[in-house]
């Protein structure tokens, strides 16, 4: 059941049974991805990094749900645009591997434009 | 190559080769998910719904990259918390199917708390 | 009472009476500005531009409260950094006036980098 | 020049000279507030709380500009909805003062719903 393609099929089916494609244009989906991402971040509001680590364990199920909310809209947006999400992720990883060579980027949080 | 598990392995490998786990605590990953989601939304800033549809086609490759950026951090956050993302998505879909029964939710953009 | 300087003084007083400066570092305030901005945007989720206009009138008081939530953290962040917000806004407006000359920008939603 | 009312008048004038009211509906302005808030937060991406404090000083002028970008759209949205922003901020502060009584909230980052 937890296969990527089957998950995508279930997202489409859920939407179409409710006739929601009319609301799910790219702009609205991008907005909803942002709103769900904010609900995820809200879990860590005002918390130190240590408290965030602890909270991530203690509230793992609620956080997993917020992650899922982002993922559902993200998977659907990719699908609606005809984008193969896993291929896009792998293509971007290849790009990042080139932009952030290990010998320059190791241990540094700098942006690639600031790496020497 | 575009299998979910293999993609996850590549994300981990990319991060660990660069010794970036020290920056990738849950709070920071949630922030980065928000920042990448904003870059995705920026594509549709000021555009009407129609213009957004057209732009989504014309700039599909750039948009696919922004979607990938969100996905990379989202996949990693789930992985770091020991959350099986596809299982979490399917669990949330099951919940949404119950919260939004077809006969009540069909054609409506209302929140489940406002459905009668 | 609704003077900018007095409003700022009240924000400081509210925070200090609760001993909250310890949580209000720049990173945390920037996060909270994002979270409140998302709650504001949530008002327009899935709504068309026309429905958004109508909703903005019908729910003006709730929306005013979300705007205030963003403003409170924004005013405080500027204040904590020693930034005179109104001076910063006027300086940015001067910059925008130069970046978007009327004869080029009139009626166009393009970014200044794309204006000819 | 740095008076709130005069700043608002300048924002209106800047927009109207460019005939931009057609793009500045409430939904689009709420989106832009979110996008500018994300650019502000980007300054602190991957940084520890201490590094964020240091960066806030070192990059104060750039950060002031990002704060101004949020403020410009926020001031305009309030203005377009007929909301007196400073009055709204003071009304919200009064509400927060009641929701977070000093003897309960002092030194705590808990939400008012979790204060005892």
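Which chain is which? They are A, B, C and D, in the order written, and residues in each are numbered from 1.
To be clear about the criterion, contacts are C-beta pairs under 8 Å (C-beta built on N, C-alpha and C of every residue); 3 or more make two chains touch, one makes a residue touch a chain.
All of these numbers come straight from a predicted model, not from anything done at the bench.
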Study note, to complete from the structure: When B-D and A-B are ranked by contacting C-beta pairs, first comes A-B
Exercise for review: For the copies chain C and chain D, give the interface type as same if over half of its residue numbers appear on both sides, and as different if under half do.
Suggested key: same
Practice item. Please compute the C-alpha centroid of chain B, do the same for chain D, then give the distance between them in whole Å. Key: 26
Check your understanding: Which integer distance in Å separates the CA centroid of chain A from that of chain B?
Key -> 3
Revision key, fill the gap. So chain B residues touching two or more other chains come to 23, 28, 31, 34, 38, 41, 44, 46-47, 49, 109
Exercise for review: Quick one: which bits of chain A touch chain B in the complex? Just the residue numbers, please.
Suggested key: 1-4, 7, 10-11, 14, 17-20, 22-23, 25-28, 30-31, 33-34, 37-38, 40-41, 43-44, 47, 49, 52-53, 55-57, 60, 63-65, 67-72, 74-75, 77-78, 81-93, 95-97, 100, 102, 105-109
**Study point:** Residue ranges of chain B touching chain C (in the complex, touch as defined)
**Key:** 31, 34, 46-49, 109
Study note, to complete from the structure: Within their complex, chain D touches chain B through residues 23, 28, 31-32, 34-35, 38-39, 41-42, 44-46
